[in-house]
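When the chains are written out, they are named A, B, C and D in that same order, and each has its own residue count from 1.
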Amino acid sequence: MHRFANPTRFVALVRAVQPWAAGIALVTLAAGLWFSLIASPADYQQGETVRIMYVHVPAAWMAMFCYSSMAGASAVTLVWRHAVAHVVARATAPIGASFTFLALATGSLWGKPMWGTWWVWDARLTSVLILLFLYLGYMAIENAFDDRARGSRAAAILAIVGAVNVPIIKFSVDWWNTLHQPASVVRLDGPAIHPSMLTPLVLMAVGYTALYLWILALRVRADINMSKVRALTLRGA
Amino acid sequence: MAVFSGTDLRCVRGERPVFDGVSFRLNSGAVLELRGANGTGKSSLLRMMTGLLPSAGGTLSWNDEPIAADADAHRTRINYIGHLDGVKGMLSVAENLRFWMSLRAGAEADEERYHMALATFGIEALADTPARYLSAGQRRRVALARLVACPASLWLLDEPATALDTAAAAALDHTMGSHLGAGGMVVMSTHEPARHPTPRVDLNDYARRARGAVRTAAGMTA
Amino acid sequence: MNSFSALIARDLRLACRQASDSLTVLAFFILVTVLFPLAVGPEPGILARIGAGVVWVAALLAAMLSMDRMFQSDYDDGTLELLVAAPIPLEIVVLAKASAHWLTTGVPLIAAAPLMGVLLNLEPEGYGALLLALALGTPSLSLIGAVGAALILGSRRGGALLSLLILPLFVPVLIFGVAAVEASLTDVSARPQLLILAALALAALALTPWPAAAALRQAVE
Amino acid sequence: MDMIRDYFAMGGYASFVWPAFGLSAVVVVALLVVSLRNLRLSEAALAELRHVTLLSEEETHP
């Protein structure tokens, strides 16, 4: 773990991973789209709208996946004071927030044909909405300080506190949802997954993960370059 | 007799290297003066010694035992006077001083030490006035009174004489003299000309070496 | 232990000297509650149904009003860095601050809650559960708020940033607080909800001092 | 020709399925483009620093 604390060695690793991530992302997303839109059957109950599940569910998974990798990187930042680990957390936040937004938007587009309203207080959609605020809180505090190192450590603490609270929030929102459960609401993940629907779902999930790693690689390299520029201009001045 | 020492201390503020390779050794009964132009890190070095600012490199040790191993013990040994006085305007001078005494085990019952602290800095008359009516110099005296009220072997003073009139400065010198006489230690950042030959750390030359240090690491700091 | 009581004694003395702070929090609590009948109309049936939720949301916002100043004055006048350098565990300082905040803000809110219940036509069975739920919930608010208050020290947009950071973390307390009152209104026992609120308070008591202390330490760096 | 039109009709749900996929594509592509642009800008800044301060190639290696 400590070998990658040195920025230059870490960038070398990132540059090695990046083309693989890009390649896998493009291939799996192409196949995923083909299966989602063309080579998979409509649902007997929901009709064609079930295809929205192929972009909604992977986005929701990525929203959670990005937040946990952000919390993990933040823990490494605080325990071993690796600035590099924080660069990963800082670079992940906007990607995670975008996936969370996508999960909400596609969830709403999926809910509209089924229940006639754009927003449904379904337990999972509500938890994802609160997760979006955790992301916004992270990004807000990250650059609320003049001293970047201060902002990074404050954000790291918040990410860990947030990560501890996510399951508690999930539990209380599920509990709240069952309490106010209107009779007719169908659970949002729709019918049991039919095998022919599993392939597009898995392909899209793998594609989104590879996409995350690809964008992460780009943002990490840009971030390290900019801190190198800042350090050198400071020294030069 | 205790020894307070530091080896190859390195400090980075934000992403700016401040100093590198600073070493010192301070024995009981001695004063270590920190000198250097503004921005060379005198306050940062003092805050590092207090434990407020973690060092980016090097170690601080007490009797050659690294302080990081037992930070709590170190905190019982020190008295820190920073730029800010730490005096609450809504509380009276007495309430302020007694509060700081109550945080140190054993000091709170020590009436005699409390009165001596007030007397040393000539603020007995102000004991019951709320601190917000005090002048900056008087507030500084209340802060310095903590040195007498709260027993500690290592005093870390950041430009203690600022805002002090000659009487208060003399009182400070006198207190430091008796503290050193009793085997205490003082680390003091100051701009006044050196009055008596003492061990000194001049941070001007360490700053240049720090700037050189950035060539290797990319200036990355957590 | 005496440093804990010394800290709380000092904060309470400061709070009494600035009594206006607790009064503004109370006034805000009453004002927010009064806004709802003005907004949704005075019809008792509606008010009774949303009463518990309104009191809880108003209490939560009022508790947050003074939260960003929990460490601010100590941070500004140098007391905080002396506390970090003092020979007491910083977690104790956090607990003392959160308890002082609860005593000066949480307790007045609990005291005023029944009056708000009257304004909102809350049924009589609900008052007991409302008081108990607030008594168990407001400590969690102060403890979680302590983490937020420590995190925003020295940041540019203190107050607004604090609400964005900690409101999501207040959701569980809000949900179970309102649920406890509504359970007592539908003559189902409110025990499970109150027990969960107590569990949340104990978890907050055990968990929040560490991140708050870490935030204070990096704030004075 | 109408087979294509039937396909795009998505069983009457065209106005939900296509916006869902379209929005996902827009957000993902936007993220990629912004990240790529930031990387190019940072590399340009580093390169420009190399000319200004004649630092060694190793230091301003992106």
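Note that in this section contacts are C-beta pairs under 8 Å (C-beta built on N, C-alpha and C of every residue); 3 or more make two chains touch, one makes a residue touch a chain.
Note that this is a predicted model, so its numbers are computed, not measured.
Looking at A-B alongside A-D, one finds more C-beta pairs in contact between the chains of A-D.
Chain B and chain D, compared by their mean Cα positions, are separated by 53 Å. We define each chain's centre as the mean of its Cα atoms; on that basis chain A and chain B are separated by 47 Å.
With centres defined as mean CA coordinates, chain D is found 17 Å away from chain A. Averaged Cα coordinates give chain B a centre that lies 37 Å from the centre of chain C. For chain C, the set of residues touching two or more other chains reads 221. The residues of chain B that reach two or more other chains are 54, listed in rising order.
Counting partner chains per residue, chain D shows two or more touched chains at residues 59. By the definition given earlier, chain contacts exist for A-B, A-C, A-D, B-C.
Interface residues of chain A, counted against chain D in their complex, comprise 8, 33, 36-37, 42, 47-49, 51-52, 55-56, 59, 94-95, 98, 101-102, 105-106, 109-110, 112-113, 211, 214-215, 218-219, 221-223, 225-226, 228-229, 232-233, 236. The touching residues of chain A, counted against chain C in their complex, run 78, 130, 133-134, 136-137, 140-141, 144-146, 150, 153-154, 157-158, 160-162, 164-165, 168-169, 171-173, 175-176, 179.
Residues of chain D touching chain A in their complex: 10-13, 16-17, 19-21, 23-24, 27-28, 31-32, 35-36, 38-39, 41-43, 45-46, 49, 52-53, 55, 59-62. Residues of chain C touching chain B in their complex: 2-3, 6, 10, 13-14, 17-18, 73, 77-79, 81-89, 220-221.
Those residues of chain A lying in contact with chain B across their complex are 6-8, 77, 81-84, 86, 147-149, 152-153, 224, 227-228, 230-232, 234-235.
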